[in-house]
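Look for chain A in each of the two complexes below; its partner is chain B in the first and chain C in the second.
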Partner chain A sequence: MAVSEVRTKSLSIHRRRRPVMRVVWDQFSSFLFVVPFLVAFVAFVGYPLVYGFIISLHHWNPIAGDLGYTGLGQYATLFNPNSLFGQQFWTGLKNTVLYVVISVPLLLAFPVTIAYLIYRSPLKSLFRSIFFFPTVLSVTAVTSLWSWILQTQGGAVNNLLQAHVPWLVEQPWAWISIDMATLWWTLGFNMIIAYAGFTQLPQSTIEAAALDGAGSLRTFWSIALPQVRPVLAFITVISTISSFNLFAQSLLMTGGGPGSSTEPLTMVIYNQAFNGMHMGSAAAMSYLMALILAIISLVQYRITRERA
Partner chain B sequence: MKTIHKTATVALALTMSLGIVSTSFAATGHVAPRHAAAPAISITFWNSGSNPGIIAITNQFNKMYKGRYNIAYRAIPYNNETEIVNSALAAHKGPDVLEESLTPSAPYAYERLEVPIAPILRMGGVDPADFPASMWNGTQVAGVHYVVPIDGLPTLFFWNKTLFKEAGLNPNVPPANQAQFIHDAMVLNNAKKDQWGYVQEPAWPNPFLFPSLLSQFGGKEADPSSRKILFDTQAGVNALTFEYNTIFKWHVSPKNASANENYNLFLSGKNAMVMDGAYQYAPFLQKYGKNLGVSLLPKIGPKEADFLGQNYLWVMNTPGMDAAKEKGIGLYLKFYYDHSAEVAQSATLPTWVPYLKSAAFKKTYPSLYEESLALDSGVLNPLIPNWGTTSSTYLYQDLDLALLGKMSPAAALKDAGQKMQEEMATLLG
Partner chain C sequence: MKMDRVKRTISVVILSIGALCILFPIAWMISTALKPLSDAFDGQLIPSHPTLSNFTALFAPDAAGSVARWLGNSLFVSITVSILVMIIDSMAAFALARLQFFGRTALFYIVVVSLVVPFIALLIPLYLEFANANLLDTYWVLILPYTSNAFGVFLLYQFFLGIPKELEEAAMMDGVNKFQLWRRIMVPLSIPATATLGLLTFMNVYNDFFWPLVATTSQDMRTMTVGVQLMAVGQYNTNASLLMALTLCSVIPMVLAFLFAQKQLTQGIATTGTNL
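Entry: the complex of A and B
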């Protein structure tokens, strides 16, 4: 073989090796950028997820530790209507589902309507700020305020109405109170998302509707809303998830009462874990709740995707 | 060039990450100076809530014992003290000394996470006979004392003297028994002014009031040794029926009162009488000054009894606990009780009988002296693990339903008793 041929051959081999190393290095170095997040994810999500499931398979007390393996026994107990834990779980789930069914339509309708009104109004910045303001408050501030104004005797609302509505101690007023407080508090967040959707509407369609003689209501219902359907789907999903996680409003406004009629599942889990110190059954409840929520989210996603 | 740029960026990011991680690890360590004297024995003390009296005493102790002992004081939030402490214990980073209310100590004692307190008291020269009997007796777990009382919070009777005067009652004479209470409440009711003689609300302060009334009718909440529920006996029915009747029979209390209404209406002059814990004394005094009446509870039942809210201190069996540390804790307790005047100065009821019986205490703090009389007939929660938290879930939820007219008192207590008895079987010990 001639020297030039050998040189050419070795050069081409060298050129083939360099790209492979470069590819490997490129991929590895890209992976290194993800490592910090991966470490945090494993430490704060992955590991607790797995360890929590292991706890749910044991009788676990935070002071005494592992008190014995139960397998899926604690999950089975939740489906036993004669057990105290089972009754509490299903009562909590029933209360949570009831709250979701009532609150999600409200958390969709009011923010979207207000967002559209702001979109069409001249004082956009002012109204956006006013409606968003409650969202920045802490839940303790919100519940303290609403508990105070909804007192049966001496509360601001009953004084105004000259009535003695038992807002916080009787049904259905207790749920209505929680819904009012939650809507007032979180309306701004959904409103901003819906408003962002409305700002993407092509002006031409609105103008064309006006030229065709469509009124404001018809334009809103038949022109604007259908075009922001993906945004509405997103708001529905996040409102469902956050409603399922209801906790602070029930704890601080009604204490889960009257009786346990406003006690959501999260509060049942909290009481099991930190008051009763039954970490194992609390973990089982939370995994079952997560499974239910995942199924609901999947169904919602499928429905909204099909419609889109 | 692009590859060099990327490589340099990755190298820089890794170096910075390693630097941050190593610095944070280094920050948790302790580097002892060379040729330093033996350090003072550090004793970590976690206090539920923040008590100015304890803080002042701790600072003085640290000054006096500088170089020998140092109490590292930390206030933990009252509302989630159990979660904080349990998380710390699970991570083996719990305190040496912990102060909370009584019943949270029970699970730690059953799991042998606490050190028996009697030897520590001996080391410090503290005589348990100098504690109020109602706060020392009945606080053993399996016959062993693990806790000492730090301060007391009896249930008190407050009244608005101005409203008493306007209703034609003697403003300086509170009702002494059930009959007088009902009479005064009826007289104080004034529909035109939207004024109530008394406000019986569900939820708080029932955890103070119900045990007081239960004991006044001769009952108990539960037996700690057998874990048998006892509040669903006739004494419990009598106690709850009294509360129920203030709303539905005598109509001296409004229906459907919501949380904090007895407090808010008292402060706005629409409620004449309150039965609540001594923690309400400060805000009521601030509002009414000399027009605030304070006394022990009226005798609603045949006996005198008064539920004591309380704070207790106990010593955790931490890895670093040894005889030297225990001695330091004993000395701190002796110092604390000898400075009971500082406790009283922070408007908290001390639990040291020599000081409580002193002329100086009676003269300097007359209202606290009146409160201290409740210690003679004080009752505590049963020392059962998690009694406070589980009773709030089962017992007080059903009491609320009775006070809202959804259940009769007997039915409410029967239902609560069944649920609590079932829960007893799952608790530690």
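Entry: the complex of A and C
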């Protein structure tokens, strides 16, 4: 009797506690699933973001460490056209923006056109494979082989054209070379995305257009394209971001030259940090660059969203 | 109908010209890799004295670069990151899609933040973080930063949302706990999507240049991608044959992936465009 009474008492306590404990355990065990990701995020994104900002507020040498607090001074320097770092920053930014403005329309027009052509042609698999192939190569493989075929003397391109174009050593050929190599490389990526967009077009729309007497060009421009606008917007945004991050093509193909005319902002930051040892200033530059990129991406996103 | 055929022929012609432009550089890369240096500038697409000596030279003990080591490093790092990412992202995506927990909304924002932060902002602090921990120039620095990639979380989250709830409910009634639910039911169901994630992750890590360039200093720890650049500006700068052979070697793993898993790759890339 006493035992069962005790039992009943303790059971009723447990019955009162159990739902709470169960909920807590339920939540906690669910939370455990995201812990690995959270740890990775905090360790390799969250903490570095804060740490990087702190670094940008100091003179920082990669080996010696903190060399003195500067506050927002290193950011202010970047806006000073008379300072060395300011000039380097704006040269790099100018080069990067120039590259973005040239390359993004190309990276939109060519892949989309080719995707549409493949969509309307036979031999789809073959062409898709061929155009997609360069995308799986690394950027250094691409730049290494394009540097080879663009050699002024004896390069395959000049041999083919029977010309003597100074592809990698003079402007405007230097930028053209970088653009050609990048277009060759990433065309496939954007093409696949555009192609997926086209395959979602209802076949009836295209047929209706043909019945109404629309020519192929008209069908492409006025009917197919508007329907895939979200995909076009997406391609524009990702191409802008990736063009903004131009680094390896300049480093390997032209070394930033001639002069520093093809030196993008990433390269300026890289040189500042690892050759010049001015990590604080480089960090400030990289944060300012990230801010500019964020603003541009946001504006693009808003614009493309509205039109859709 | 005839107009149709004419138009299609024109299409095919245009596409063929484009395809030739794509294949042209690759043909020259292979051609040069198979030529002795003396023939490299002869301007002939088909090598007159084809040879494999460049490839043997690359892997010879007295070679300028540690090509075998680079290849091994790249493969080891890429495969390890792929496996880690598949596990970490699958767990997180499953929790986001199907479980309730404190801070779930915050986690969504964290995933989005993780996707939009540009690498350039993380470059310097990540470098210093690993420098302070004395982990530069090791496999740790080559593997760990990639594990925070949230792309897979997003991809698998979409996938898990699409799995019918009845499956889970049936499993729960059979008395499995959450972990078993994930491991025995969710994971097998998500194999196509997870495999695609693994493949895309492998490609991105294998081909990555900027971070391995900065994170490694000793020749033996370099990855294949960085090794190609080092040799291109260094010892193979004047030896086109060796450089092209090295370049060709560097792309072989991805070419194999392309040949065997092209469908997976293209589908993975296509879904980012239509979902994001």
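Observations
We adopt the following convention: the second predicted complex is superposed on the first by the 278 of 308 C-alpha atoms of A that agree within 3 Å, B and C clash if a C-alpha of one lies under 4 Å from a C-alpha of the other, contacts with A are read in each partner's own complex, and residues count from 1 in each chain.
Just so it is clear, contacts are C-beta pairs under 8 Å (C-beta built on N, C-alpha and C of every residue); 3 or more make two chains touch, one makes a residue touch a chain.
Just so it is clear, the model here is predicted, and its values are computed rather than measured.
Of the two partner chains placed by the overlay, only chain B lies in contact with A:276; chain C stays clear of it. Of the two partner chains placed by the overlay, chain B and chain C both lie in contact with A:62. Judged by the touch definition given at the top, the superposed model places A:29 against both chain B and chain C.
In the superposition on chain A, contact of A:203 is made with neither chain B nor chain C.
In the superposition on chain A, A:260 contacts chain B only, with no contact to chain C.
Of the two partner chains, chain C is the only one that A:51 touches; chain B does not reach it. Within the superposed three-chain model, A:154 lies in touch with chain B and with chain C [touch as defined at top].
Set against each other, chain B and chain C differ in how many residues of chain A they touch, and the higher count belongs to C. In the superposition on chain A, the residues of chain A contacted by chain B and by chain C overlap at 26, 29, 33, 36, 62, 147-148, 153-154, 274.
Contact residues on chain A toward chain B in their complex (touch as defined above): 22, 25-26, 29, 32-33, 36, 61-64, 84, 147-148, 150-155, 164, 166-170, 255-260, 271, 274-278. The residues of chain B lying in touch with chain A in their complex are 3, 6-7, 10, 13-14, 17, 80, 82-83, 86-87, 89-90, 107-108, 111, 113, 194, 196, 199, 202-203, 254-261, 264-265, 268, 270, 385-386, 389-390, 392-393, 397-398, 400-401, 404, 406, 419, 422-423, 426-428. Residues 7-8, 11-12, 14-15, 18-19, 21-26, 28-29, 32, 40-41, 43, 87-89, 91-92, 94-96, 99-103, 107, 110, 113-114, 116-129, 131, 144-145, 147-148, 150, 153, 177-179, 182, 203, 206-210, 214, 224-226, 228-229, 232-233, 240, 243-244, 246-247, 250-251, 254-255, 257-258, 262, 265-266, 269-274, 276 of chain C touch chain A in their complex.
Chain A makes touch with chain C in their complex at residues 26-31, 33-34, 36-38, 40-41, 43-45, 47-49, 51-52, 55, 60, 62, 114, 117-118, 120-123, 127-134, 136-141, 143-149, 153-154, 156, 159, 184, 187, 189, 192-197, 200, 216, 231, 234-235, 241, 244-245, 247-248, 251-252, 266, 269-270, 273-274, 279, 282-283, 286-287, 289-290, 293-294, 297.
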